[in-house]
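Please find the structures below.
Note that chain A is present in both complexes that follow, paired respectively with chain B and with chain C.
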Partner chain A sequence: MTRASLLLIAALRRTAGGLLLLVGASFVIYITIRSAPGDAIDAISPMGTPPEVKAKLMAEFGLDRDPITGYVAWLARSAVGDFGESLVFAPGATVMDVGLPAFERTLALAALALAACLVLAVLGALLLGRPHPRQQVITGPLYFLTAAPSFVVAVLFAQATNWFVHTYVEQGGYETPPWYPIPIYSESWMPYLFAGFVLVAGDGLFMDFLNAVRAELQGLRSAQFIAAVRAKGARTVGHIARNMVVPLVSGYAARLPLVLGGVVIVEYIFTLDGAGYLLLEAARERDFPIVVGLSVLFTATIIVVNLLADIVRALVDPREVARGG
Partner chain B sequence: MMNRLMCCLLASVAVLTAASAASAQTFRYPEDTRPTSLLPFFAEDMSAVRMVELIFDSLVVINKRGDVEGELATSWEVDADRMGIRFVLRENVKWHDGQPFTAKDVVFTIQAAQDRKTIFNAKSKYAFIRQVSAEGDYAVHFAFDRPINEPERRFLFKVIPQHGFGGTAIKRTDKFNRSPIGTGPYRVRKYSLRSVELEANPDYWSPAKIPTVMMQHTPDKSAQVNLLQYSGGKAGVQAVIFLPPKNIPLFENSDSVILEPYHTVSWWYMAYNHKSGALKDPVVREAIALAINREELLEAHLGRGDILSGPFTESSPFYNFQVEPRTPDIERAKQILADAGYKMKGDSLRKGRVKLDFKFVMDKELASNQALFLGIQAQLKKIGIVVRPQYVDHARYREQVFSSQKFDLTLNVWSFEEVEDVYPLFHSEGVINFIGYSNPEVDTLLATAKATRDYKKYKEYMKQLHATLNKDLPYFFLWSLDVYSGISKRVKNVFIQPYYYFTSFHAWEMAP
Partner chain C sequence: MEAKAERVGLWSSGAVVAVVLLLGVVAPFVAYDPAGAVDYDQQLVGPSAAHWFGTDGQGRDVALRLLKGIEAFFLPGLLAGLAATTLGALAGAVAGYAEGWVRSAVLGLMQLIDTLPRLVFIILVCTILNPSISLIAAVAAVLFVPNIATVVRRKVEALGSEDYILAHIAHGFRPTRILLYHIIWLQCRPLLIRQATYVFGYVLFVETALSYLGDYGVQEPTPSWGNMVAQTRELAGAAPWPWLFPALAIVITISGFLAFGNLLARHEEEALR
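And now, the complex of A and B:
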């Protein structure tokens, strides 16, 4: 078989697997959310609402079906892209209308933050070069600074920034910047930048990535084939770069779920209009179509990114396909 | 050359100033919760009530002095038998989409509210209207099911446009809830995930002075305080609706923020579940009430307020000042429990199979819920009563406490629009009597009070009720809080309506 057809078969197999995983995950998400105590009716219906009125509302909201039947109906509709309508958060709006723009923003934020983290990690690894005990002067504090969970970093960052700016403005140092204080009240890309920074700096993400890249780079530099290239008098940069692609792409794909998880809380703290904010609010209000729809979008994204990472790996390194990738 | 440079500089300065002036004329305020619906019937949380106040008008409003003042109505006349009222409506009022406002819209509002398929909280407020009829375009007559004193006070509901809906059966999911059309001083410019931006309605009969209003959901209270404090009232928010008491000292001598007190009709209580064995015993309820030091809890966790002895706030016409709030007395509490035969066994008191060990359910969204619980737990421990906490989120709380009544004790707040109507709370048939309370004496009092047409007598019944409830303890009545808003000093002519908040907002001004 040609390499292209092998690649295609592998991709199809992975897609099928991904879809199956998605159906399984959506089932778990749907059932879990439907079985949580309290529902949208409790969140909105007035106290003392007679049971028959509650029953009418339940039917109106499609909550009268048992979870399994409900799930099957939901799956049939969502297969054609209809995730239903919001019940409480934005009553009557479709989940896609409310959720998709928010999700796009969140995904862009997470993906860009992680990409920035990757670039910084590569730069850091190149700058630091071979590991040396004296480097602990730099890496030690970095470990310490990036070890906190991202939500802690977010809160501290917002408070520290507010305090600094306030002090400067008080002293007549400079004009109040338009993004101050945090969380801000105007349309601006600055809070997204802050959130991106917090994501990179929190959860130990940066140091984790940096160490992975350094180890990989170190391994490559001392690999036999690089020694051979060097012995021939050729430049090693191209070879090293090409061989770094696979670990970098894998590392990126593997860390995306972590960052998407962190984004949820960070967005809430910076009050950004993202899926994280929407997800938490909808969960609080028991707006289950939104919660299910968004959770499924999150899961689907992770599956798709892993799929893409596999394809990239296969393109760069044919052995990946042969391994049955 | 120099001149040209100067011109450029001046121009850019002018542009910058204009830009900052424009943004300076936006009144921004944070809310703890998102308004779930801007359709007046479904505006059930306070943030929605406040926003709806800016977008819609009612026939009448309650003004600064507590008197009724016309809004969409210019005058009214009560029928001689007090069985009806006729309102003359303001002419040349337009809906935000340009359509004229007429009596038909008022009739439609009532019909929609009374439609059986429109399901909402405040439906019972429209029940007294037997019939409504338009008399031409600018007059409406309402007929009641019984004679009513000062009936105009009952017409505070918002009027909605007939042309905004397909029929009188209105669902929560109607698109109108996000793109509302009102007659009020502001209309919606932008509705996004967590914020709503309003612009002044140029056609309003008394145009608003502040051109833009922006509400942003900011769930974190300390972030709200930051926005008010650090902004110096210039860049952040111009108001925080409710300042947490612990933050009040921050603004006491502030150059930029003024503390604006206002009176809400709301009080805190600790509810006993009367269906749960031990709490049926009045001695146990009394002992708990004697053991809890309300002043201490209030001061430590919530700030200033009044300690109450009954189901009314001190400013209510029904508060009975002759009933003194209980003074905490641990010894007496122990004594009455011992007299009733409760003995210490293990870590709690017991009498036969009855054990004084209670499940205390707390709504996570209630202010200071953990601190308050810990305080109560420590105080009750002193008399040998054990309480175990269960913190649940809001939706679950409503289900667990109000619907399925799986609790022994709980702490919460009741808020009322104007004056307290406690019938639904304490009558054995009351729709929000979630504690399973039933006392024939109280039932009779409430029923007689409801039937009376004499306001003076009604007041007397309520005072009597106050005394009875203080003795019998369906709830342990706790306190009402002193409520402060923090408002930027740049905002002038401020009057806060205790419940709707923004009633007079169109008259508020803002210095650049």
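And now, the complex of A and C:
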């Protein structure tokens, strides 16, 4: 068979696997809903929900049927993006109308922050070069500092900002400075930049990525085929770069779930209008359709990103397809 | 690489782990009445001999609250680490040793759990069930099983074709004994220690983060490092010690545990070679 048809088969197989995973993961989410203590409908509806809304919720989540047929009915509606209507947060609006724009912002923030982290990790690995004991003067403290959870970084950051604003006001400033990172009324992208910075700096993400990239780079540089390329007098940069694509793509996909977790809390602290903020606010107000809809969106995103990473790996590295994976 | 810096790292992170373990064991025996600790004559007193880390906005001793705050994540974190490594080692051993549908079923289940976004799923569970730190730790333990199972499975697969393991098989040792004792207990301990410290660190992270946010974590007046950091909301800029010390405690404990797990695993792996 030609390479193109092999690739197509591999892509189709993985897509089918991804769909299966999505069905399985949504089943786990559904069973979690059903496992509520007492009457499930009371557990998932806000205080003082009128009976007709409760009846509608019961039908939407298939709580009036047995778990399997209830799940199938719920899945059939969720699959076309119908997660029901918001109850408290934005009464009457569909979950997708409220959730999707917010989720897009969140995904963009997480994806860009992780991309920035990847670029920084590659630059760091190139700058540091071969591991040397003396480098631990730099990497040791860095390891310590970046291990801070993102919410702690965000809090320290907000405190530092407060201090800066304080001195700014003391010096006679009275308008909101253009760099102010907490959104107030202006359509500024500064808060997103600061949130991205916090995501890169927190949760041990950067050092973890840096160490992974350094280990890969080190392994490649001492690989025999690179020695052969060098012996022939050719440049090794292209060969190393191409062989770094697979580990970098894998590393990116593997760390996205962590960033999607961190972004929930960071958005809440910076009150950014994203899916993380929405998720926590909806959870607080027991707006259950939104919580479930966003959970499914987050899960589906992780599956799709892993699928894309698989396909990119297959495109770059013929061995991935030859293994029949 | 087995340099002086690495030894320093191992000992200093080991000291952090030892101190946290010690304080975690001592904390339940220290009497503390969250309501009775309030003292409005002693608000925001700076660090002194009487109050090592000062007092907070309600005149409560920060050092004592730091100590009692350990209870919030200590036992749940340890149990979650133990449960996750046990389940993960078993799942990894089965997936690495079994063939056919058993292997596929375990691998599929692991992949399924692995696709759930951890924090989002924990929040979902908290909205449905009665939220508590024990519940959060239990869910976190299950969510970490695939990670652990993967590293154990790779090890089992790699060792399965080693001569000495084949020799054990030829000697007629039972597969369970070879798997559980010769492979997992003797060869995977460093891996498992590292993973257990990750799980502990994660439980600490989730507990403090949710307690900081306020809805599902530890509620005031019961102290948690997370809800102590949350005092920044009321105290912005007034005095740093009520929130700075807990923030530092979180960072030092998490990085201490992660570094200790990593360095100890590397140390032991070198010893195994």
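We adopt the following convention: the second predicted complex is superposed on the first by the 268 of 325 C-alpha atoms of A that agree within 3 Å, B and C clash if a C-alpha of one lies under 4 Å from a C-alpha of the other, contacts with A are read in each partner's own complex, and residues count from 1 in each chain.
Assume a residue touches a chain if its C-beta (ideal position, glycine included) is under 8 Å from a C-beta of that chain, and two chains touch if they have at least 3 such contacts.
Remember, predicted model here, so these are calculated numbers, not experimental data.
By the document's definition of touching, both partners, chain B and chain C, reach A:Arg286. By the touch criterion defined above, A:Arg255 reaches neither chain B nor chain C. By the touch criterion defined above, A:Asn162 reaches both chain B and chain C. When the two structures are aligned on the shared chain, A:Arg313 is found in touch with neither chain B nor chain C.
Look at A:Lys56: by the touch rule set out above, it reaches chain B but stays clear of chain C. Applying the stated contact rule after C-alpha superposition, one finds that A:Ala25 touches chain C and leaves chain B untouched.
Look at A:Thr271: by the touch rule set out above, it reaches chain B but stays clear of chain C. Legend: residue contacts after superposition of the two complexes on their common chain; A:Arg214 is shown touching neither chain B nor chain C.
Residues common to the contacts of chain A with chain B and with chain C across the two structures: 36-37, 43-44, 158-159, 162-163, 166, 268, 284, 286.
Of all residues in chain C, those touching chain A in their complex are 1, 3-6, 9, 108, 111-113, 115-121, 123-130, 205, 208-209, 212-213, 215, 229, 232, 236-237, 240, 243, 247, 250-252, 254-255, 258-259.
Against chain A, in their complex, chain B makes its touches with residues 23, 28, 34, 36-37, 42, 44, 119-122, 171-175, 177-178, 192-195, 214, 216-220, 223, 226-227, 230-232, 234-237, 392-400, 402-403, 424, 430-432, 434. Residues of chain A that touch chain B in their complex: 36-40, 42-49, 53, 56-57, 60, 85, 87-93, 98, 102, 158-159, 162-163, 165-166, 169, 176, 178, 180-183, 185-186, 268-269, 271, 273, 277-278, 281, 284-286. Chain A contributes residues 21, 24-25, 28-29, 32-33, 35-37, 43-44, 131, 133, 136-137, 140, 143-145, 147-149, 151-152, 155-156, 158-159, 162-163, 166, 203-204, 257-258, 260-262, 264-265, 268, 279-280, 283-284, 286, 288, 291-292, 294-295, 298-299, 302-303, 306 to its touches with chain C in the complex.
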